[in-house]
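There are two complexes below, and they share subunit A, which is joined by subunit B in the first and by subunit C in the second.
Up next, the complex of A and B:
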């Protein structure tokens, strides 16, 4: 078995284990956690092997059932798909984290673990789908499991939060499906590489514009790009701790990856309008998300709005459409995933141990739960993009892109967003370490067990130091960035 | 006018889609919102099925006498998958609505939000 033959495993493995898990764990519930964790770890290994096999080449292709593209279904592992390592790794760490929460995940933890694996299978499948319809199916797989995961919490508001997440999510999926239908009617093909070649000669600018608009708006809702982020704060703050981390770090990225695929797919048909919209909304989202985060009183809501701000950075980088900024956006997709997962898990540890949600109530907790509090503090600093943290690389590259595109105002926006992020980060750090406790439960709190603290330390450690590998990552995604910029700028003036 | 008549199916799809969207946005009852969503889904499925139609084409059945022109079967397969996805989402939403009713005693969104705020 050589490299490309492993490709289907990257999503089949979690899906198959997820299907078997409730049955396997029926007699021995304690097995389900270990099995789910093993599946996630092996998937991460498969993703790493695939990325290593990728080497200098741009994409591994796997024709499903031996039918060659464009007629057959094709799986493509390109440099963008390397994000599956982050998807699988973060899911594995979130599962490690959830071990001690088993009681808080309903009567059947096996179902929760199965849902997490379905979610992982959907994420990975989405990243390697080579045709539009599988893209849609995997998107639905991960979305439906995400809605159910939000409702897995004990809280009485969780079902309502899940439904408030489901309705816009379902509408966005429909918009994408509608767009896929229009594209299929125009080109008679679903293979993404094939469609990209056929759309130009199809010569139907109005219908193509409709497809672009539907595709982009659908994925903008999924990505929670301002002002379509309205569903995000409720869903992310009502979900159980590890689920919030998965949603904010990974599931939101699906929308972003969809937008990137859309830019490659539609190329110059989408170029000026979509880039302008992404740039404008991205810039507004950076500031609006950061300001909204600053005024939140609930810790998880603060982090949710910080995700809105960071999606703004990614959209801005894509919209600027210079090689530097697009590469910055691509690395920020992965780096923000790692950072936000660490911060959200740390917040979940603090909240689970005390039962308190407001930042003011958590005052002084730093002395009772030193590891978790230190992890969230370091994570908040990393989130702001202080070098050599992971978030620094993306923001720096996007700022470089703004400089190249001669948009000094946007540089101010990028810096302002980072400063605001440092501001709300310091607010959290200040409350945790430099204020005296006001709440009895804070005084009585104990540090979380090692299985909870370990994922925090790993993720936040990565978030703080991964900036050192920035040049390597920028080189790695370089060809994708060049391809996107090339697709957008292709044959100016003539189709 | 002739273009509209020639593409009557697209007009119908647009009307049904917008009807569903209106119900989804304007109604406060969660169940009605879900019905609106299902109407939107039906519109999209109908659109995809019509894209497979060929003028004077036969149904794409190998058992019958397949004429020279036959409808493209691929959109049908796509819509089948789409329906499966839609059913799973609807069932999940219905389960959530039942749980909301058990917890709060109402499924009117405005009442639910009022209680949330107070």
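Up next, the complex of A and C:
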């Protein structure tokens, strides 16, 4: 079996294991964790092999059942799909983290592990889908599993939070579905590469504009782009610890990847309106998200708003539509995933061990849980983008794009967002290390076990140092960035 | 200039301290391990940095480059004369500061964290010194900010938290401005290299050039504590004494001053600076800072506060000298990096020893203290006389070359600034010396407890260095020759004595 033949495995493997897991683990519940972890790790390996196979080429194509596109279903592993490494790796680490939480996951941890794997299968499938229909199917798969994962929380609010998450999620799915319907009616095709070619000649500007608007607004809700972020803080903070990490680091990125696919799909039909909207909303989101994070009292809500701000960075970079800024956005998708996963897991460790959610209640915990507290502290610094952390690369590229696009004012927004991020980061660090405990449970707290601490250290270590590989990553996503900018700039009106 | 040579040492020097920091965090809960690691790293790094001196004097430039962080921008080190000079000063003082800190911090809580970040700070300082391009410099510059924060906040009280917050607001905003300036340079010039005498020659846009200069000068000016960007520094006095020494003499403020030197000599270059005339404005601000900070220092009652204001004044000597854009003044700017560092660290060590030994923190509590802590006060006397500018001490050399440079530049007015500054320095240092040596011992003098030898010896050695720098300035093996070589490079006068 050579490279491209492995392609279906990247989502089939987690899905199949997920389907079998509850049965396999019925008699021996302790097996379920190990099986789920193995599946996630093997998936990460498959994604890595596929990325390596990609080499200098732009995409691996796999016609399902041997039927060639555009009639058959096609799976495409392009440079954007390399994000599956992050999806699978972070999921695996979140599973490692959740090992000691088994008791807190309800009576049947196997179901929880299966849901996590379904989510991973959905994420990976979404990233490699070559046609709009499968894009939608995988999006639904991961969304539904995400709703269920939020509901798996122990608190009384988690069911409500899941409902709050489900409603906008369902609306966004409908918007995307409707858009796909319009596109199909216009072009008679669902294959994305095919549709991109047929849309222009189809010559229905109003219908195309409707499709663009529906598609973009649907994925903007999924990406929680300001002002469509309203559902995110509740959902992310009410979910169980490792689930918050998955949602904030990975699931939100589906919306972003959807927007990127949309830019490639609609090309000039979407530009320049979509670019303008993304730029404007992105710039507002950076500041609004960061300001909102600054005033939060709950740790997880603070991190959730930080995600809103970071999605703003990605949107701004896409909206600026220069090669530098789009490449910056693309790498930020992965880098923010790793960083936010590390920070959220660290927060989950602190919260699980003490049962306290407020930053002020966690005062002085740094001396009881040095590893977890150091991890979240370093993670907060990395999140702001202090070089050479991972987040620096994307922000630098996006700022460079702002200069290239003759929008120097946006530099102030980009740097201001980073400074605010340091501001709320420092708040957390101060509380953990430089204040005396105010809560008895903090004094009694003990460091989490190694299986919990290991994923934090790995993720935060990556977040801190991955910026050193920035040039490599930007070169890697370069062709995608060029393709997006090229797709948008075909008409004289677009940039 | 001699050949550029691939060498591991420029990377090894920062790495030693970083590794040491990691080990201290891991096994530093044992005081013995902690002390051994801290000393070993300081000495090892001292050796590595000094071992590059003979080669550098012979004109060799050691360089090493790691992968690209951003397309076209590598994480790279390159040891030129200016960078090595700064690294020599900081790594030499580091040995003294580490020994002193081990003695001073004995019995304090949280020493593991303290010595971990203490080592990281020097690691980043050497990284700043050896940075080949602005991006590498910026990476370490920001890390330095992050690493000094836990040190500054060490005791965690309300005052410390306020000071820490103010420090971060100032320095991180400054960092953001530097980043913005760097982005503009990269966008317009396509290079961030510091290996040349000016990279902005190709840009004709005066607005862009002015914006770049303002962004970078303000950004670096924050750490160099140029007025009105200085307010974080007096507040930072709440930190433990070795940290103040670190902030004031070795790392933070020097990183700012060094950044300004790089900005003037390597980013804009002397020729472009002369053409644009920005240096006149910055120089005038620096001159105002020199005088104003000294006037404010006159009114301080606490010893450490006086030292802080004196630092603000002295740092602007470097900035003013660099802004005069003549070889003699440039020499003054570079050697004052060392002169101010050795004298100021002596004073801080002395202030710490006095506080430890007698509990005195106010100037009016110092009556007769010279007879209780003679070794410390001899050192204090030497260092403060150096700041006044007494000949045969380091400070005089600076003032001499600075005045010479001002005359060369046709700015005789600045000679008067020097004279006023000398008078003001005398006006606040001499009363302290008078109290210490000629007053009867007061309440604090009589209760003096013995101060550990580990605190007294570094103090005295640093003071001795102030004397050596003052009388041995022309000795061939001293870094002075290195400063000359840096000046020759910046002014394009290869092989000509300034």
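The rule is short, and it goes like this: the second predicted complex is superposed on the first by the 491 of 495 C-alpha atoms of A that agree within 3 Å, B and C clash if a C-alpha of one lies under 4 Å from a C-alpha of the other, contacts with A are read in each partner's own complex, and residues count from 1 in each chain.
Heads up, the rule we're going with is that a contact is a pair of C-beta atoms (placed from the backbone, for glycine too) under 8 Å apart; a residue touches a chain by one contact, two chains touch by 3 or more.
Bear in mind the structure is a predicted one, so any value in this text is a computation, not a measurement.
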Contacts of A:117 with subunit B and subunit C, given as first, second, both or neither: neither
Determine, under the contact definition given at the top, whether A:283 touches first (subunit B), second (subunit C), both, or neither. neither
Once chain A of both complexes is superposed, is A:400 in touch with subunit B (first), subunit C (second), both, or neither? second
First (subunit B), second (subunit C), both or neither: which does A:469 touch? second
Greater residue coverage of subunit A in the superposed arrangement, subunit B or subunit C: C
In the superposed arrangement, which partner chain does A:21 touch: subunit B (first), subunit C (second), both, or neither? neither
Identify the partner contact of A:381: answer first if only subunit B is touched, second if only subunit C is, both if each is, neither if none is. second
Pick one for A:435: touches subunit B only (first), subunit C only (second), both, or neither. second
Residue ranges of subunit C in contact with subunit A within the complex: 66-73, 75, 135, 138-139, 142-143, 146, 149-150, 153, 156, 160-161, 164-165, 168, 172-173, 176, 179-180, 183-184, 186-187
Which positions of subunit B touch subunit A when the two form their complex? 17, 21, 24, 30, 33, 37, 40-41, 44, 47-48, 51, 74-75, 78, 81-82, 85, 88-89, 92-93, 96-97, 99-100, 103-104, 112, 116
Would you mind writing out the residues of subunit A in touch with subunit B in their complex? 133, 136-137, 140, 144, 147-148, 151, 156-157, 159-160, 162-163, 166-167, 170-171, 173-174, 177-178, 181, 184-185
Counting only contacts in the complex, subunit A reaches subunit C at residues 381, 386-388, 393, 396-397, 399-400, 403-404, 411-412, 415-416, 418-419, 422, 426, 430, 433-436, 467-472, 474-475
